[in-house]
Amino acid sequence: MKLKTLGSQIVKKVAERPSTISVSASVLAIIAGLFVGFIVMLIINPGQAFAGLRSILFGPFSDMEGGRSLGNTIYYAVPIILTGLSVAFAFRTGLFNIGATGQLTIGAFVAVYIGVNWAFLGPLHWIVAVLGGMLAGAFWGSIPGILKAYRNVHEVVSSIMLNYIAMYTVTMLIKQTIFNATSARALAPETTARLPQWFLGDVFPRSSINIGIFIAMILVVITHIILNKTTFGYELKSVGFNRDASQYAGMSEKRNIILAMAISGGIAGVAGAVMFLVTGRFMSIENHLMAEGFTGIAISLLGLSSPIGVFLAGLFYGALEIGGFYLQRTTNFVPQIIEIIIAVIIYFSALSLFLQKFVANFLSKRLKKEVQISEGSDVL
Amino acid sequence: GGSEVETYEIAMITDAGDIDDESFNQGTWEGIVAYAEENNISHRYYRPAAVSDADYIATIDLAVSAGAKVVVTPGFLFEVAIYQAQQDHPDVMFILIDGVPHAGDWDGNIGDNTVSILFAEHESGFLAGYAAVHDGYTELGYMGGMAVPAVVRFGVGFVAGALYAANEAGVAISFPNDRYTYLGDFDAKDSHKNEALAWFSLGTEIIFAAAGGAGSSVMSAAEDSGNKMIGVDVDQSSISPTVVTSAMKGLGAAVQQVLAQFYADNFPGGELLIKNASEDGVALPMDTSRFATFSQAQYDSIHGRIASGAVSVPENYTELIAFLNAIGQTTAIVEGTIHP
Amino acid sequence: MAFVIEMLNITKEFPGIKANDDVTLQLKQGEIHALLGENGAGKSTLMSVLFGLYQPEQGIIKVRDKEVVIKNPNDANDLGIGMVHQHFKLVHNFTVTENIVLGYEDTKKGFLQLDNARKRIKELSEQYKLRVDPDALIENISVGQQQRVEILKMLYRDSEILIFDEPTAVLTPQEIQELMKIMKRLVSEGKSIILITHKLNEIKAIADRCTILRKGKYIDTVEVKSTSNEVLAEKMVGRKISFGVEKTPAKPKETILKVEEVSITDYITQKIVVKNVCFEVKRGEILTIAGIEGNGQTELIHGITGLKPLTKGKVILKEQDITALSIRQKSLSGISHIPEDRQKHGLVLEYSLENNLILQNYFTTQFQNRGFFKFDNIRDHAEKLIERFDIRSGKGPLSQVRSMSGGNQQKAIVGREIDRNNDLLIAVQPTRGLDVGAIEFIHKQLIQERDQGKAVLLISLELDEVMNLSDRILVMYEGEIVGEFDPQKTTENELGLYMSGSKRGKQQ
Amino acid sequence: MRELIDLIYFLFPLFIATTVPLSIVALGGLFSERSGVVNIALEGIMIMGGFIGIIAMRALIENTELNLQIIAFIGLFTGATFGMLYALAHAFASITMKSNQIISATALNMFAPAMSVFIARTFWNTSNLNLMGNYTISKVPILGDIPIVGQLFFTNAYLSTYIGIIIFIVATAVLYKTRLGLRIRSCGENPHAADSLGVNIYRVRYIGVLISGALAGMGGVIFVLSFATRFSGSVAGFGFLALAVLIFGQWHPKKIIFAALFFATMRVIADTYSVIPGLNMIVMPREIYRMLPYIATLVVLSFASKRSRAPRAVGEPYDPSKR
């Protein structure tokens, strides 16, 4: 009896937390998105819709021989977690970093360049390559920061321009420095520069997983701490919310804008490094902006711009990717179906405020008490 | 096990492009479909989750687990993956187009269960250049998508064919360095159209576009400015009246042929098939071409000479220079342009 | 007597707080009805309900005896209800005319007919003596003029019931006089007015009846004539209040702040807004700079605190030249600053109250260790200030500041700045928008600061405040100091003449 | 001299061809953002509009004998209609549901290419929808004979150029001379003020977003008609470039046209450097030429942005209780 009341009290405590509500709203968004995806599949091919849904839901467990699908889920999630984190960090400081793709490209190039050329570093090789990618991304990210701080250039427009500049610059630099002319793409980084697998290689032997996931986790923790526990994060957020008040409080708004963009860019740069410091994947000289930067925007928002939320949303994205891939074994759907479903889920997650109210109402009724929702104001 | 899940005997894996890229993916797939439908064999294609060796291998494993007996992979990007897969799945047959399996060291190793098919794109390009000059065009240009091996071969052959014809016909043609380029991608967009328009305005009369979807922008430029272009891979004459001819390669036919051999139990495992003029692997669609003067006889003649080896078409820069020296022609095109 | 408006038993809740709890308000035809209550008592909320901005949880509204549902301001406008909001609702980059016609446009074939509107606005502004240039951009006109635009909006719509939410908080004494005349005239034309104000003498001067709210609850409705200020105040606060501040004569000591020949040129307009200003503030005195809004006081303070660069001159704090220091360094060398615009400079509205209370010293070792916050100290600090300065809000230290009432936002800033215990306290309009209780409290705090040996530099537009608090008064006009006065030896009238530029003396 | 004139005659139509879709789409974005709704979904809307517009044109070409210009006109109209319908999804999420405007727009950007490829594959077995026909107007009767102007504006032009000019004039007039324009602008700057005056914020914002959808959808069709002979699920980032042009143009119609013209000019020059005396002598990697428009834009921006400011309320869902 006593235990029961204690239990219900805990449930009540948890249910009253704003984060509980926003998280359950995200979960509802996902369910709604999957439902619409299911309807689309029903319309196209009713016979396979259930198989399709199953495959999407349990994608990470589709091929457990050697833990392949589970390992690959994580492997695909890592770059998206990182670009999502990059965008989210900027969002929290009041900046819209639509330039993650450019920062990622520059970071990838520098990482691969180091990976190809600096084999003398031995066991430090991959670490230096990742750090190089991070610095390069930070440099690239700081440009829109500087332009905004000193010249009042809107970061969205400068980032869009810098995305293309990064793309062409990297194409040119690859051709001039680390070019494999036979295949018209960049050379492969040396083995020492590739991200090690450590024990993950034994846990998921047939997958491509590597320690990128740990890098992502470390960055998630660091950004969470910066944003929530430090004076530095306090300053960054203040400047994002109210430049005038920050100036009044003696903060250097210019410095903070530049730092926020540099950190955001640095994270995107790490994403680039992690993507290409692997076996059998090569930087292309094709003039395309890499999609990961844009996906990061969606993931950052799906994760409510909180580092931990982004981490979970990124894993979820990886699971969807895998689900979409294994969908090909069980059904006849055109591969685009998974992109459609992802888009629908993202769309529904945009409705999260509405869903939050829905959850809050539900809980209020159940708990017979006013329940508060966080209006996502810390998102933008 | 789960017998409700359908199985597919013939599987294709797409490379970086999509199934309707109007290039090797599409050509290969059309061959598979034609053969499979005629013989009522289950077939489907798979898209890897990303462009990397590991993803290709995972996709091949997926296809095999879904019952594939023969796996077709278009493009040199699959070389390493097939090297691995041909060992992992000894009972499955692999058809690798445009590449030879290797372990990442370019040391070719075609397994007993694998056939490599290479096309002589340079011969196809040669035919196009040759026909264009004999048809009266004296100012030509080449736009490739990116400098991947097949696209390089198309371009080199095109230059060689044009200058060879000029030599034969005794006309002076120009093929300056700045009329040979790779666009950097395979997309239709304003930049490519504008660049083509610029070339046309400088006097270029015809552009050979070996550039997938970007060819569409070249076509659009030709339409707007009243000029001509040459299509690639498949017969593109129906898309636009500006398409004089197309430098085709018989992807579909080659795939169908090997599939037929597979089902007739004489899969040419371990072989490297080179589809060139003599194998009818490359051609111009003479029926639909819009030539003013270039005749079927002329075509048959040059095709014969190439097939017989009387004309040996260069496939890289060094060979091109040697080839031109031999016929007393020169080109201003520098090596860095062809292999950027 | 017929009521034009009856708001019966209105209840409106916000998360954590009942802003209106069973409130009733009845407005008679042709009266000026004052609405009085402390900061956060729920006055604006009640009026927003009447104007259709909020939907009440309970209660009904009757307009001319007919029950109505006011779903949005459009409904309110249709019922002839107009409102001048506490925080003006003006589009800053529109012209006066555009702001007035918005939502009530005259068009021909879809095209705006602004010329007619402009004519009408000119007529109205002459008729009611509400001088404004119809073609000026809102961002270029003074707050007083903006107020007039708000009133013109209602007149343009022929509203019969006019709500004024603290219209006088931002006006100069002269402007307040004008406004009262206008209101009287409006009721004489048959309109009815609800007036929210914290200034009891305004209520006395103009209102017929007064409804009093306290902490969201209805207290009473009284006839103003027969009720004394003391009673009004007591009903409002729930305790006795002393008017007029008790203070002993100042005992000035050494100079803390010395401003030498400071000039400032506005960056955008290139106008010289502060000209050769010199003065000193000493330990143990309150020096007030009085003046009408827009005469360079804002810029002068921004120049001293570093928010704006000086074109010329020096700022010396405790014999140290701080002219070239950064804002942070200036603040650390001993300046507390209650800024004029609380929402723009003083607060980060998205932050919680506790986070706002450390805005000026989050970096000190009291609140952080190697860059990591000491959350316990932050919470303690917040609780201490909330207690000491009676900052009221729904969720204590965790309330989002945006949701707090204006008065309480102000108290938070005042508390934060006083608590920093600096030698110089610059207080710009520290009581703007506050209720009498809060004003009394803040005035006491300022005097206490002085008595503890701080130098206080006060900027105020309120002559009451100026006369009551100051030990010395400087009047600023068009960027210059035009006179220095001893409050004991001058009158509000004399100050007014200097402030309006009619008289000028020599700077000492 | 003669050569220079020829060069101008050659380049001018190209400048215009790139300027038109960029500026039409940016003007669309202008209506959305001026009403207070960020629209980074322009790219996705262009793709959706382009896709349906091209399908309609293909159907007309196959089944009717209509004049190509009429077909083009119907195509543009169809693209606009479906762009508008598609934008409705963004409006619903960001206005009615008060959701984060960037996230819903991102979803639209992801959805459009996938959906168009998916539908095209399902019905036509290919994602490349070819479109026959030459849509240039070689010479407008009478006007084309005017010296210089005729040559520049009325020969080798696209129907879309004239539509674009009309749109620009109409858009400017609507924004600054009409009731709707006044209300749109007020909603983007201070919706609370507009609301207190009885303006229905939600309706006005819907209109703003729908106008942006119509113009972006039309822009998608123009993109295909102007630069390719077919549609394959992409507009090459023009939607994002238009967004950049909108910001570059500081949310003002005239400045947007200049920004678009500037950017388009740089872009065309970068692509056609081989015909431009001086430029064609410099030996540079082609990537450097390709970067030129972006770098030039950044440089100009860093000198021209000092006073640039987005509409104040843009990006924030309207919440009447926020003060």
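Should a chain be cited, it is by its letter among A, B, C and D, assigned in written order, with residues numbered from 1 in that chain.
By definition in this document, a residue touches a chain if its C-beta (ideal position, glycine included) is under 8 Å from a C-beta of that chain, and two chains touch if they have at least 3 such contacts.
Remember, it's a predicted structure, so these values are computed and weren't measured experimentally.
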| item | value |
| --- | --- |
| Between subunit B and subunit C, the fewest steps along chains that touch one another | 2 |
| Most distant chain from subunit B by Cα centroid | C |
| Chain pair with the greatest number of C-beta contact pairs | A-D |
| Whole-Å gap separating subunit A and subunit C, where each centre is the average of the chain's CA atoms | 45 |
| Chain centre separation (subunit A, subunit D; CA means) in Å | 29 |
| Between subunit D and subunit B, distance of the C-alpha-averaged centres to the nearest whole Å | 36 |
| Sequence positions of subunit D contacting 2 or more other chains | 117, 121, 287, 290 |
| Residues of subunit B touching at least two other chains | 184 |
| All pairs of touching chains, each written as two labels joined by a dash | A-B, A-C, A-D, B-D, C-D |
| Complex contacts: residues of subunit D adjacent to subunit C | 173, 177-180, 182-183, 185-186, 189-190, 192-200, 312, 320-323 |
| Touching residues (chain side subunit A, partner subunit D) in the complex | 44, 96, 98, 147, 151-154, 156-158, 160-162, 164-165, 168-169, 171-172, 175-176, 287, 289, 294-295, 297-298, 301-302, 334, 336-337, 339-340, 342-344, 346-347, 349-354, 375-376, 379-380 |
| Subunit C to subunit D touching residues, read off their complex | 14, 51, 53-54, 72-74, 76-78, 83, 85, 87, 89-94, 98-99, 101-105, 107, 110-112, 153, 402 |
| Subunit C partner contacts - residues on subunit A that touch it in the complex | 229-232, 234, 237-238, 241-242, 244-252, 370, 372, 377-378 |
| Subunit C residues touching subunit A - in the complex, by the definition given at the top | 13, 15-16, 305, 307, 326-332, 337, 339, 344-351, 355, 359-360, 362-363, 367-368, 371-373, 400 |
